[in-house]
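As written, the chains take the letters A, B, C and D, and residue 1 is the first residue of each chain.
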Amino acid sequence: MIRDERIPSDELRRIDEEIRSNWPTGEDVDFEEAIEYHESLPDHKRFADVLESADKPLLQPRAGVPRLDDQIELLQYLHEEGKADLLPTTIDSYTRDNEYEKAQQGLDKALETGDDTLNGFPAVNHGVDGCRQLIDAVDAPIEVRHGTPDARLLAAITFAGGFQSFEGGPISYNIPYTKRHGLEETIEKWQFVDRLAGAYTERGVRINREPFGPLTGTLVPPSIAIAVMLVEGKLAATQGVRSITLGYGQVGNVVQDVAALNALKKLGNEYLPDEVVVTTVFHEWMGGFPPDEARANGVISLGGMTAAIAQPDKVITKSPQEFQGVPTKEANSAGLRTTRQVIDMAIEQKIDIDGIEEEQDLIERETRCLMDTIFEHGDGDVVQGTLKAFDSGALDVPFAPSDSAKGAVLPARDDDGRVRIFEWADLEMDEDIKEIHKARLSQRADTEGRDQSFRMVADDVDAISDGKLIGRPQSQPQGDV
Amino acid sequence: MSQTVVLGVIGSDAHVVGITILEQAFSAAGFDVVNLGVQTSQEEFAEAAKAHDASAVLVSSLYGHAEQDCQGFQGVLEDAGVDAVTYIGGNLAVGQDEFEETRRTFRELGFDRVFDSETDPEDAIAALREDLQITPTESERATISS
Amino acid sequence: MIRDERIPSDELRRIDEEIRSNWPTGEDVDFEEAIEYHESLPDHKRFADVLESADKPLLQPRAGVPRLDDQIELLQYLHEEGKADLLPTTIDSYTRDNEYEKAQQGLDKALETGDDTLNGFPAVNHGVDGCRQLIDAVDAPIEVRHGTPDARLLAAITFAGGFQSFEGGPISYNIPYTKRHGLEETIEKWQFVDRLAGAYTERGVRINREPFGPLTGTLVPPSIAIAVMLVEGKLAATQGVRSITLGYGQVGNVVQDVAALNALKKLGNEYLPDEVVVTTVFHEWMGGFPPDEARANGVISLGGMTAAIAQPDKVITKSPQEFQGVPTKEANSAGLRTTRQVIDMAIEQKIDIDGIEEEQDLIERETRCLMDTIFEHGDGDVVQGTLKAFDSGALDVPFAPSDSAKGAVLPARDDDGRVRIFEWADLEMDEDIKEIHKARLSQRADTEGRDQSFRMVADDVDAISDGKLIGRPQSQPQGDV
Amino acid sequence: MSQTVVLGVIGSDAHVVGITILEQAFSAAGFDVVNLGVQTSQEEFAEAAKAHDASAVLVSSLYGHAEQDCQGFQGVLEDAGVDAVTYIGGNLAVGQDEFEETRRTFRELGFDRVFDSETDPEDAIAALREDLQITPTESERATISS
């Protein structure tokens, strides 16, 4: 029975050898030599140090293209023209499915015809050497961003390749990203990833790990996201990770977003062991974007404003082309610079908004309910607790495609635009908290003169892309404006 | 003719929100919806369409690999003996391509209609109602701009 | 001696005839016939009614091109693609100088070669008929926006031409816009403009008048702007204007901007006669913009956010191309839609920021000091008081090019980014208020480890275009970030 | 040679902030600055330059009418017997023109250097120091990119 326990060294070695034989480039991984390579990197490429010592939110975009030279050019551009502080390398979907053969075909096609049909950088296919060429060529720390349920080979190759930060986790890269993988399976696989990061950490190469906070990106109630972050943070810590960045995706209500980021930071420090350095990352709105770059800039700026107030350690920016498809490098840079301008204009201002403490308090209480139920489900073991809580529906994520989550919980916005829970299904929560949500939602229903229904949820899903925050019915009163 | 539609996200794509909305909209419009969920293979689409004698197969794709994922799809449907209207919709190309080009690509792959991601579910429902009740000539079909 | 008194009817008629003979198109103005034309306009083209009955901030861009057909196309585009609620017609600089001959040459050149060397719409040259073609063709209310010290003929023609809103005033279109005109002269000329608007108003055609709040657009302390608004509002009311929109230009500190808009509304209702309907307009940042559209979008969005919180009746939007030159219609629409998205996402949220009341209180006290000194300088007469107060420097505007203002007062931002007064010169102000400013500015000087000097002012002037709010010295600590 | 520079905004233009900054920067750099303010005519520039025996005339224009306002300016200066370096800077064209085109236009109107509105005052000061101390050849001048 899988538990929240550190993988023993010999086991680590065994798995490592096994997974490295899955694709030819796995052979080139040599741990000792990799440590040396990391030690040779200059300070400003050490991801954890740069992030942890920053005195204002650092900006990082998403970006990945199949060919190495293109990826180098892209990242250099985002660094120089977009003024990104931290850089990403987003991995293609075939690699995420461990279909390295298909990824190879895509890469070959890209190399031959110049036609990029892969939606990211196939790091496994590029191998240790390819990764290092990228690390060497770009003058800032780079993180691997992906969405891979079984990321063991990807981790082995990219860590050896010089990357010092790795996104994802067993829940956050399973529940929103796949229906094909069981949760037990992904937990086991991510224990290896974290253990490997821990092995580097032990040798002084602190690999930063970043659980993916936004989950399905669509109206995720803050406490659910935070609970998942705490679980993944704990699992990583157990395996020896010492630099953990907990994530949260903007819901668009400033008070709720600031409160959530505060709660994330506070609970992160509380639930994670002292030896872990906890940082936070704020993702600009991860749901459906407006099909209009000008309006998209408004969404991005509201994220920047929120970041200026909450001051997370890092902000993942969106581009004005988010709706349409993978952005051009110009659009990606534009998203960075728009965000930077808003943050830099607002960050020195004292902006204390009423009600943040109250909302934060609610989020913390909700999160504690969820954490308590996880511990109870597992008799104190987080791994078992997580498995059983998801199984019973006591822990759940809205719009989850995975079979490992019920996906039965449904969110809706209240009259102020904060995300509340409309359908609890089996989610564990104190009755008095449920009453609070209920009261807020019925207030909205009153304002709109309609019943709470899935229609309201659907309207909220579309609202931001339609130019609003709350999905009001078309012909009804507009609330207190 | 049965009013069953089979709905799913093809390939490795896990974007579920769109089909969740579509399922709800088509059900509300009176169709029997068989929602296969995300990461559905061509074969799973074909089997379900056959098993439920579906009159329409609605394929969704958001993540930019639709073109590869749909290669040979019409053949798989034919081999399974499926005779249904086929639609595809979502975000069908990687990057910032022109939609008309994309539409052409997927029409050539055999889809009866191709929808972009700005599509209101009501438009797809209206189109399907039309396609299932009368067999439109090519010229009529063109006027709905899909 | 010119005083704040209503121009008698016969005098109105005399001046009207005189100024209409200044350019051939003046002949076509027929007041009675104009009233009929206005009465024929549909409700949704009645500027004052549309503005006063709106339930959320209406958006209006700036736009003006020389040719009529181009102007029609431009406004239709801004209405349809930009979703502008209210439209502008910005007048060219020659017309502002009453150089109708030069404007005609520019217009002729534009008509012949297609080359637009005029920077706006020469409404006098287009005449009553041209104006009405514009009003007829565009499906929203349109305002005349200009910057003309002597706008009498422009008013006579555009009012008869169907425009129902007219920007400017004797101080706000003198002090920032010209050094050639004395204040006494512009007051006299604007008394005519207001009196003419009053004459229409008496006949049921409520012409909306909008004093230009941003003044020089560059770090104008809120109380100075508000005092000028109150004076111009009072002058217009005396002449019979009943719909007055008081303006204010964003300084970029959210608390100060919200406080200033609140104070503007409150003092406007207090100082202006009851029979006047007072509305407010917020101008997105009027100072130097960043030379980068992406960053400019951030500046614009911060304005939208501020508007969502303060909820003025109208917002004048900027375009991302502000730095470069007159924007394309696409960029102008983009500025509108970015603003709309931010406002619509934020406006239903309850965002109460601490310290707004306190700042508002300070602004109100400052404004009352200035108003008191104006009344005292004029022995109760606002016109004489304004003239004498500007003359003595008791009333002053920073960066004023006009010889009628000393332009000796100098602003600088405090450590929070609020605009304070660094050099008071002869500006009238209670000692305890001066002490508050002094304390705030010395706090900033401490943070930066440098003395207060013109260098600080210059740095602040450049700060937003350089991507910050406060002009910190390059190598110094960055404050409390 | 005197180190006096005459500064002003030409035509009907009232944008005063730029020349306020420039006045301060040139003064701090040791020049005697005669600031004519906004809305200065060609004749006023010429008179002041003559009266103060200026070594440079710095013209600013922001509002987009610079080209019309500067027609014949060099002739007016010559007629007044002014022998000075002439610079123009600011926002010199209406709309979103390419700056290189604008620079050409104003070089043809006779200005020695043309600056865009992103110019840091320090760059203009450096250029003027160079122009006044040594008479640069056309090739040297080109290297300062102005």
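In this section, a residue touches a chain if its C-beta (ideal position, glycine included) is under 8 Å from a C-beta of that chain, and two chains touch if they have at least 3 such contacts.
As the structure is a computational prediction, the values presented were derived from the model and not from experiment.
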{"item": "Contact-graph distance - origin chain B, target chain D", "value": "3"}
{"item": "Cα-centroid distance, chain C relative to chain D, in whole angstrom", "value": "30"}
{"item": "CA centroid of chain A to CA centroid of chain D, Å", "value": "54"}
{"item": "Separation of mean Cα positions, chain C and chain A [Å, integer]", "value": "45"}
{"item": "Numbers and ranges of chain B residues touching at least 2 other chains", "value": "none"}
{"item": "Arrangement of touching chains [line / ring / star / complete / other]", "value": "line"}
{"item": "All touching chain pairs, where touch follows the definition stated at the start", "value": "A-B, A-C, C-D"}
{"item": "Interfacial residue positions of chain C with respect to chain A in the complex", "value": "55-56, 252-255, 290, 292-302, 304-305, 311, 333-342, 344-355, 415-417, 464, 467-470, 478-481"}
{"item": "Contact footprint of chain D on chain C as seen in their complex", "value": "93-94, 96-97, 99, 116-119, 176-180, 216, 218, 287-288, 291, 321, 323-328, 399-401, 454, 458, 461-462"}
{"item": "In the complex with chain A, residue positions of chain B that touch it", "value": "12-14, 16-17, 20-21, 24-25, 37-39, 63-65, 67-68, 91, 93-97, 117-118"}
